[in-house]
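The data blocks that follow each hold one structure.
The two complexes that follow have chain A in common; it is paired with chain B in the first and with chain C in the second.
So, the complex of A and B:
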C-alpha cells in the first residue's frame, strides 16, 4: 500500500490539467491512467501498421487561454480553415476561414449577402464572448449562493441591453432558426452547425442547441499546430515538471470510502493507494455508479445519476490511405479538415435516425487528416483520414453487430467517394468504431464523447444538482472530467475549475 | 364618418379582446369592440354548422381561464357554466387501453396493468408537478418581469420569484430547471417506464407548437396540465356548457352590462395614425371611428404589418416582428355522428361509456408521435397523426340532437408550410380529413359509417377564416424565446407598442395563448395604470 495527497483518475486532458494544478500548489499527486498512453479521447492509436488515427477530440482550437498560457505550444491567431466539399458538378465547395475578411471571397461565391452577414455573425459572437467565457471559465452559478449569481448577472448587463436581449432570445432557440436568420446558403449554416452538433443527440431543429453553438464559437479561438496530440504532449510535460507521479497502464477498479469520505482507490490486481482526495476525470456515471460502492451514495442520488443522459451518437471510421485526399471540386487544396454536410434538413434527417435506434444511411461526416500537420502519423507519402460519423446511436435497436458496423463504414466510404471519386483505390485499410467500440476503448459510459449529453438541462447543472460544482456528496471525491461544467471538448476547463475547488476546500 | 368619441376601441372580438373590453368598461371607460366575423369569440366560438349540432369550432376545452376573471366579471351570472372532463383515455392498436380517472385508486389499477412501478410513482409525480404549477401560476397572473430592466418593480419581482424558487428546495429546483429545458418525453423518462403512460402525457408539451415530444423545451408545457383550474378547482379541464362560444358570449354580456358597445361584421382595415399616434381605426367600408386609444386583440403580425403598416415602424422593430415565429402545426376535424363511437379495445356497455366522458388521446407510443412530427418537419401532414378527441355531447347533451353526438378532433401535425406551399392546403384538405377519419376507424371499426357531417379545418383555413396568422392557435409559438418578457418582441412585452396610444391585448402577448383571458386582463390593467384613457 502506498499513499499520497491526491489521486487523479484518468489521464485525459482534464485529468492532466487537474493533476498539474494541484501539484503546482505543493500537493503530492498521483495520476492513474488505464492505458499505456495518456490523452484519453484526444488521442488515437495505431490501427494499421504505421498508421495512427486521430482521437475523437481532434479539435484543439477550444483550449482555454488559461491552460494555453501554461504550455509551450505553437499557436496561430485563428482556428484552421474548414472545407465543405461539394460534388464537382454542383459547385466549388466552401473553404471557410474563421476570419470574415478572409472568408468573404469564398462565401461570396455562394452568396454575396452571406459574405456580409458572416461578418455580422462573427461580430455578434465577438461581442458576447467575454460574457460567455466568463460563464464557462468560472464555477457554475447556483441559486444556493446569491454571490455566484451576481458575477454572471453583472457580466450579462455589461453586454448592453440590445446584446443582452439578443443573447437571451438566441439561447433557447434551435440552431437552424438562428442560422437561417443570418444566412441563405445552407451549406454555410450546416458547416457552422456541425461542430456544435458533434457527439450530441440533437439535430439543427432541436430547440436550445443554439446555446451549444454559442458555446463552441465562444470557446474556439486559436489554431494549434499539431492539434490534440501536441496539446497532450505539452500537458504531460507540464504535469511532470510540476512533479505529478504518472502511472500508465494502471486501472482503477474502485474508490474506497469510509464514513462518507474517500480513503483511496483499489487497482486492478488488488493494490490499494490511500489518499484523502480523489479527483475523477472519468465520466460521472462510471465514477458514482461503478467505482463507488453501491451503499456509499444515497439511493435518491444514485437514481438521479442513473437518469443523467449519456448515450453517444457518434461513430468513427479511420482510413489508411496510400495518397492524399483530393476533393474533385478543388483538387489543388490540401485539406486537413472537411465537413461533409448537406442542407440543414439533411443534417436533421441524419439525426432523425438516432431517435428510432438506427444509424443514418446519409450521415454527416467530419473528416480529419492528421497526417497533413504531422506526417509521422503515417509512412511517407501515405495519409490517414479519421472520420467522425454523425449520427450513429450507441443504443442501436438491433444491437451493433459486425455486419452493422461494416455496412455503416460502406455508407461512409460511399459518401466520401461522391466528393473524392478515387478514394476507394487509396484505401489500404479501414477501421470502424461504433459508439460501443468507443465506449470499450476509451472507457466512457455510453460511448458519449462529451461524457454526458450536452443539452440545456445538463449544462450549468452538470451532471447533477448536488455535484454540479465538482464536489460530490462523498467527502474528498471530486469530478474533474467533461461530465462537469463547462462540458466536453478539448478545453481543460473542467479540470482547471475542479482543481480550484479542491484547493479551496482542502 | 362617425364623429363619436370613444375612450378605447378594441380590434377583434376574441375572448381576450372581450375580456379587455369588459375590464375597461367596468372601470368606466367608453369602449367599442369591433369584430370582423358575424359571431363573437374569435377562436373561442360555437357555431351550428349542421342542423341541431353546435360545434365548438376551434377551441374545445377550457382549463386555464383565470378564476379571477370569472369573479371580477361575475361570469356565472352571465351564463358561464363549466363541465369538468371525467377521464383521460388512451386506446392502443393492440387491443389494450389505458384510462386515467379522477379517482386515484382506479387510475392506479389501470396503470399497474402496464407497470407496477409507474403506478407507484404516478401520485408522487402528480404532487411534484402540482407544486411546480403553483409556482408557475405566479408568472401567469402578472405581467412578465424583464431581467434586463433596472426598474425597481422588475428587480423586485425577479427577486421575489428567485426567492420563491429557492424556497422549493434543491430537488424541486432541479426539477424546475429540467422542466424548462428538457423535452417532455425525456422528462417523463425520469419518472416512468411504460410508453402507454408517457405518450399521452407527453403530448401536452407539443400542442400548438411545431415541435415533437422529443424536442427540448417541451416539458414545461406539461405544467399547463397541472395548472388547469376551473373556477379555483385545481387541475381540471372542462367543456363550457353549450359550447366554447358560450364563454365568449358570457364575457360579451358582462362587457355590455358595463356599458361596452360590441359590433360584429365590422372588419377593421387599418389603424388611424396621426404623428405616430393612434387616433382610431378605419373600417373596411371606409368608416372612420376615433378613440383615445386603440387596443388590438389581433396577432402581432396582423396588427403591425397589416393594420399599422411598415412605413410607420422602425426597421429594427419590423425585423423582430418578422422573426417572430408562427408556423401553425395543427388542424381540427369536427364531426357530427349518428351514434356514440365504440372503441374496439374498450367496448361501450349498454350505450354507456364512462371512458368517453373525457378526452381521448390517439397517442399509442412516443415513437408514433415522433414519426408524426418527422413527417411534418419535412413539409407534409402526418398520415397517422396525434389526435385529441373529445365528445362534448356526452357531458352536455344540449349541443347535439338526442342520441346523436359531436366528435371534435384536434389534430397534429398539420404544418402550415407544406412543401407545395400553404396556398395548396385547400387541395389537400380532404386528404387530411381522410387521414384523421381513417386513423380513428382503426380504433373504432364502423366509425366512418356513423359520420353525418364533417368539417375539416387546416391551418390555412384557420388563417383565412379566423385570422390566425399561419394557423397558429396561440398567436405565435409558445417557445421560450417568445415567452415572458420577449413576447412578442423583447422590449415590448408589456402590452404597449412603439405606436403611441396603440396597445396589444391578444394571445401574442404575455402569458400567451389558450383560453386564459390573462393577456386581456393584464392589458386592461396596464392601460388603466396610465392616463391615456
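So, the complex of A and C:
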C-alpha cells in the first residue's frame, strides 16, 4: 500500500490537466491510466502494422486558452480549414476557412449571399464569445449562491440589448432553424453543424441544440500543429514537470470509501493506494456506479445517475491507405479534415436511424487524415484516414455483430468512394469500431465520446445537480472529466475547473 | 377483480358465510361462517388454518444477496444464520417506513422476503451493482398459517421435521404428503404458530393433509377477521392501517419512521451504509416525536357512558380500523388510535395508537373519542404494555435445556 495527497483516475487530457494543476500547488499527485499510453479519447492506436489512427477527439482547436498558455505548442491563430467534398459532377466542394475574409471566395462559388452572411455569422459569434467563454470557463452557477448568478448575468447584459436578446432567442432553438436564417447553401450549414453534432445523439432539428453549435463555435479558436496527439504530449511533459507521478497500465477497479468519504483506490491485482482526494476523469456513470461500491451512494442519487443519458451514436472506421486521398472535385487539395455532409434534412435522417436502433445507411462522415500533419503515423508515402461515422447507436436493436460492423464499414467506404473514386484501391486495411468497441477500448460508458449526452438539459446540469460542480456527495471524490461542465471535446476545461474546486475545498 | 388463491377449491367450499375480501388481489376469506368468533376461539384454544398466499414473497439469491439485503433492510442481515428468520422493516432514503416483513435465510446466499406490499420495483431499483437475482414468487408459492396451541402437534402428524426443536423464527425443510414444504415458526397471532410454504400445485394436498390431521385437535379454517383480533392482542403494527408506506403518502406528516412505529428495535445503525441510515441515526439522537403504543380503554367509563343514554355497552365483536382521536386528560389532541378490538381472551378493550411524546409512557392516562348516539364523547384510555397477549408457548421449545 502506498499513499499520496491526490489520485487522478484517467490520463486523458482532463486528467492530465487536473493532475498538473494540483501538483503545481504542491500536492503529491498520482495519476493512474489503465492503458499503456496517455491521452484517452484524444489518441488512436496502431491498427495495422505501421499505421496509427487518430483518436475520436482529434480536433484540438477547442483547447482552452488557459491550458494552452501552459503548454509549449505550435499554434496558428485560427482553426484549420475543413473541406466538404461533392461528387465531381455536382460541384467543386467547399473549402471552408474559419476566417470569413478567406472563406468568402469559396462560399461565393455556391452562394454570393452566403459569403456575406458567413461574415455576419462569425461576427455574431465573436461578439457573444466573451459571454459564452465566461460561462464555459467558470464553475457552473448554482441557485444556492446568488453571487454565482450575478457574474454571468452581468456578462449577459454587457452584450448589449440586441445581442443579449438574440442569444436568448437562439440558444434554445434547433441549429437547423438558426442556420437556415443565415444560409441558403445547406452544404455550408451542414458543414458548420457537424462538429457540434459529433458524438451527440441529436440531429440538426433537435430542439435546443443551437446551444451545442454556439458552444463549439465559442470554444474553437486556434489551430494546433500536430492536433490532439501533440496536445497530449505537451500535457504529459507539463504534468511531469509539475511533479505528477504517472502510472500507465494501471487500472483502477474500485474507489474505497469509509464513512462517506474516499479512502483511496484499489487497483487491478489488489494493490491499494490511499489518498484523501480522488479526482476521476472517467465518465460519471463509471465513477459513481461502478468504481464506487453500490452502498456508498444514496438511492436517489444512484437512480438519477443511472438515468443520465450516455448512449453513444458515433462509430469510427480507420483506413490504412497506400497513397493520399484525392477528392475528385478538387484533386489538387491535400485535405487533412473533410466533412461528407448533405442537406440538413439528410443529416437529420442519418440521425433518425439511431432513434430506431439502426445505424444510418447514408451516414455523415468526418474524415481526418492525421498523416498530413504527422507523416510518422504511417509508412512513407502511405496515409491514414480516421473516419468518424455519424450516426451509429451503441444500442443497435439487433446488437452489434461482426456482420453489422462490416456492413456499416462497407456503407462508409461506399460513401467515401462517391467523392474519392479510387479509394478502394488504396485501402490496405480497414478497422471498424462501433460505439460498443469504443466503449471497450476507451472504457467510456455507452461508448459516448462526451461521456454523457450533450443535450441542453445535460449541459445545464452536468451530470447531476448533486455533483454538477465537480464535488460529489462522497467526501473527497471529485469528477474532472467530460461528464462535467462544460462537457466533452478537447478543451481541458472540466479538468481545470475541477482542480480549482479541489484546491478551494482542500 | 381478485383472483382465486391455490387453496380456493377448498376455501370456497368451506366459506359458507360468503364473507370475502380482496387481499393483495386475491379472494380472501373474512370469516368462514357468519361470525368470526369460533375461528378466533380456534386460534387461541386449538388451531386455526388460514390461507396466507397473498403475502408478497420475494426470493433473493446470488453472491451479493447478503450485502444487498443488509443494504435494503434496517437490520443487519449478515448476522442472520442459515435457517433463521428475522422480522424487520425497510425505509426510503429519508428513513421513512416503506414496509415491514420477514427475511429468511434459506441458504448461505438464498433468502426469502415477505412483504405486505408489492416491493419488487424498490428491490430492483436498489439492486444496481449487486450480483443478485430477485424473483417475485408470490403466485408460485402457496402458504398457509397454522396458529394456536395445537399447531405443533398437528404438524407432527404430517411431517417428520423436528417440530419440538424448531425454535421461534427458525425454519425447517420437510415433506408433507410426499411433497416438499418449508415450515417456518412465524405468524401474525402472537401465539404458538407456524406457516407452511409449498409450490402452488401442492396447495390442495397440503390443505387436506393439515385439515385431516388437525381434526382430532379441533383445527378450524380461519379468516382475516379472526386474525385481526389476534394481531391487536399481539400488538402487531399493520402497514396501511397503523402506518402508511412512504410510497403512498402525499404529505410528509403521514409518513413514519421505524422509531415512531415502535420498530426501533429492528434498526442496526452501526454498520455499513444502508438505505435511510443517516436519517435514522439523526432521529435516534434526537428521539422520535411520535410513539406507537398500546391502549386499554376503560370499560367502566364505556359502560357508564352508554348507560347515560339508557343503552347497554355497544361493542363491535370484530376489530375496528377507523381511526379515533386521542386526547390528553386536559383535552389536547396528542395522537390517534388506528385499530383496536375487544379481546375475548383478556376481557379488555384494546387499541393500538400513535401518540406524541411524552404521552407514551406505560400507565399514562389519556382519553379516546367514543361516539354514542351520534354524539362525540371522550373516555379514559391508559397506555399499556404491548403485547397485550403473550403466552409463553409462543416461544417455547419442547425438551430443550432450560
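Basically, the second predicted complex is superposed on the first by the 506 of 506 C-alpha atoms of A that agree within 3 Å, B and C clash if a C-alpha of one lies under 4 Å from a C-alpha of the other, contacts with A are read in each partner's own complex, and residues count from 1 in each chain.
One rule holds for everything that comes next: a residue touches a chain if its C-beta (ideal position, glycine included) is under 8 Å from a C-beta of that chain, and two chains touch if they have at least 3 such contacts.
Just so it is clear, the model here is predicted, and its values are computed rather than measured.
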First (chain B), second (chain C), both or neither touched by A:137: neither
Touching partner for A:295 - first (chain B), second (chain C), both, neither: second
Partner chain(s) touched by A:164 [first = chain B, second = chain C, both, neither]: first
Which of chain B and chain C A:45 touches, first, second, both or neither: neither
More chain A residues in contact - chain B or chain C: B
Touched partner set for A:437, first chain B, second chain C, both or neither: neither
Chain A positions touched by chain B in one structure and by chain C in the second: none
Residues of chain A defined as touching chain C within the complex: 260, 289-290, 293-296, 298-300, 302-303, 306
Interface residues, chain B side, partner chain A - complex: 147-148, 162, 165-166, 170-171, 173-174, 177-178, 180-182, 186, 189-190, 211, 214-218, 323, 325, 367, 370-371, 374, 377-378, 479-481, 486, 490-491
Residues of chain A defined as touching chain B within the complex: 143-144, 157, 161, 164-165, 168-173, 177, 181, 202, 205-209, 304, 307, 309, 345, 348-349, 352, 355-356, 455-457, 461, 464-466
Residues of chain C that touch chain A when the two form their complex: 67, 71, 92-93, 125-126, 128-130, 272-275
